[in-house]
Amino acid sequence: MIEIENVGKSFTLHNQGGAVIPVMAGATLRVAPGECVALTGASGAGKSTLMRMIYGNYRAAAGRIAVGGVEVTGAEARQIIALRRHTLGYVSQFLRVVPRVPTIEVVAEPLLMVGESAEAARARAAELLTRLNIPETLWGLSPTTFSGGEQQRVNIARGFAHAYPALLLDEPTASLDPVNRAVVLGLIEAAKARGAAIIGIFHDAGARAQVCEREVDVSAFAVRAA
Amino acid sequence: MKEMDQYNFAYLDEQTKRMIRRALLKALAIPGYQVPFASREMPMPYGWGTGGVQVSAAVLTPEDCFKVIDQGADDTTNAVSIRKFFQRTAGVATTEHTEDASVIQTRHRIPEEPLKEGQILVYQVPIPEPLRFLEPRETETRKMHALEEYGLMHVKLYEDIARHGEIATAYAYPVKVEGRYVMDPSPIPKFDNPKMEMAALQLFGAGREQRIYAVPPYSRVVSLDFEDYPFDPSKAEHPCALCGAEHTYLDEVIVDDDGGRMFVCSDTDYCAARRAAGHRGAMAAPYEEEETAG
Amino acid sequence: MIDANAWQQANPLFSVRGLSKSYGGRIGCADVSFDLYPGEVMGIVGESGSGKSTLLNCISGQMAPDSGEVLFDTRTEGLKDTRKMRESERRMLARTDWAFVHQNPRDGLRMGVSAGGNVGERLMAVGARHYGDIRDSALDWLGRVEIAADRVDDRPSAFSGGMQQRLQIARNLVTGPRLVFMDEPTGGLDVSVQARLLDLLRGLVREMGLSAIVVTHDLAVVRLLADRLMVMKSGHVVEAGLTDQVLDDPQHAYTQLLVSSVLQV
């Protein structure tokens, strides 16, 4: 489902004397449907960078990335937009939404984007928010006012609203209490059971052990400073 | 030297009349289209009918019989002075009888008596551009006419209904001529709009704005409206107090200090003719008395 | 559900080829090309004088470019160069399939006409002649842009800036256009009003399947509104691509400078 071959990345800082900072080379990885792969490695090893390249957020400098048969590397913008809308979900660590939009709408939006009816989308959003223990009194408020843990759960609800065939999870269980952590792990298990291919970053070793089939140490792809 | 010889016939010089006639011919060829013309200074102020006077001067011949009405009346200052003007400068016959006139200059009315083929009705027009209300730019309104973009005209009518519950435009009610140009019929009451589909020739002159337009005889003239708010040429719900007519446009006249009022035909010639034929309204004096007063 | 591969079949709705415009010897915009597909929102960013407004005026038919093509997928004839259209056709397009939202609502509204009349104008312009229907549409659209029904007969001059901007949007969208040009749509508004307007625009774009081109200098606005981004400098497009990619992994020196210059709250 997710194919990564020989992917490399460097940043060129034009405004700092054109310094080129290579950060990754030769990254190779395959994830099959129903499989969850954990990216590991020390902080700064390039876990998030790799995730962002898969999502099309960063441009890969070398190699090939394909998700569900769509070539992410070299794709037109609208191809990636369609891919993100239908195929590839992403739960980031940060919630980025239009201020003042109610939580329930934030969670329902991905479903509306794929043409789901407003009622069905809201019903699904309500179900997820309930499972993630966001009190109903908060649903009508903007999540920008929520605590870190609540924001994280809203983010997860949004990421799991639509049944993406491929999912990228960046620290989905960070800053969660044991109850909600268990709910999130359950969501991941369920996504795998329906055949989703998942790549995740988990600092939480227990969570990693519970849901991941394999671990890939990204440090192996890091470019050592010469 | 006779007074007549001190002027060229009908005041304007022949070159100017030719220029105006060319504009009139163009206006007739494109019904409802505003033709620019080089309006001359006339010996009367703008707003007193300088446009109409120039058109009349350009169409009058020595054989014509000329009538002037102002709001339907032959005897107001404006009507009298224009009539006198052409009496003096063209030496044409004048009349107050609609039927006898070959050229009728009018301000704000169409005579009640249906006009016949061969007659010419000349309108005095203050603002010829019907779109001016919502679009002040002349360049833009000309483009809108050229491209037949008349949605804005309905915006005006929409505003009327939204504000008053009905189309409150009571005069200068916009019309579409021959299915093409939207035209301002000059400030005639909307009651007169249906009469514009007539046998006579209608010419419009706007002196200050330097525009001439025309409606040839028997042209289709449709008042704009909405399907659910159709055009209604309504008038005051009274008969004429003098002649008893129930189908004419009426003026409201305050008769005393206690709010007493009467409604009388605005077309004085028509009203007088009816009374001469024996029609009587509720407040009419005996006819003989009327005669001696005249 | 919308087909995940629908994007492959779609033809561009709007296609700009080699568009250039100069003012005397000074470049307005130079050799700009892009395709816009149905449902896409494209942002154009750049500082004042970068040529983004010139570009917007040229592609929206408000200014004649010196060279290049501006193709639009017309309903009857398919992709057609709007520059070669007759003026009547171009103006018809401008009040049916196209819409233009001005930065200053006063430029896009008739201030002397009621809110209902403002919304109804485009309907009447395309031949609507039933007052009741026009008013119903106007009320429906006022509701969609969150203006209370009892304001329908008020003039825009009695509205706040945010309401005026929402009214302008309603007035533009009432004929169900397919392409909306927006010039700094949140420009003159308070921050709190901006958010509401952005959310409204996002919803309308999604519900109506609108395509839009949004010119702004506000990177936060494009991040939330635009799928794609074009960065302009001195009349040239220096970088284009997916909005978040351009903002998070800018490749061009100017884009890097632009992104790093944004003040963080």
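We call the chains A, B and C, going by the order they appear; numbering starts again at 1 in every chain.
In this text, contacts are C-beta pairs under 8 Å (C-beta built on N, C-alpha and C of every residue); 3 or more make two chains touch, one makes a residue touch a chain.
The shown structure was predicted, so the numbers you read here are calculated from the model rather than taken from an experiment.
Listed by label, the chains touching chain A and chain B alike are C. Note: the chain lying farthest from chain C is B, by mean C-alpha position.
Taking B-C and A-C together, the pair of chains sharing more C-beta contacts is A-C.
Chain nearest the geometric middle of the protein is C, using mean C-alpha positions.
Between chain A and chain B, the centres computed from C-alpha atoms are 77 Å apart. As a whole-number value, the distance joining the C-alpha centres of chain B and chain C reads 47 Å. In terms of their C-alpha centroids, the spacing between chain A and chain C amounts to 31 Å. Touching chain C in their complex are the following residues of chain A: 11-15, 52, 56-59, 77-82, 85-87, 96, 98-101, 112-116. Contact residues of chain C toward chain B in the complex are 87-88, 91, 95, 110, 112-114, 116-117, 120-122, 124-127, 129-132, 134-135, 152-153. Residues of chain C touching chain A in their complex: 1-2, 4-7, 37, 40, 192, 195-196, 198-199, 202, 206, 223-224, 227-228, 240-242, 244-245, 248-249, 251-253, 256-257, 260.
For chain B in complex with chain C, the touching residues are 134, 143, 147-149, 151-152, 154-155, 158-159, 161-163, 225-229.
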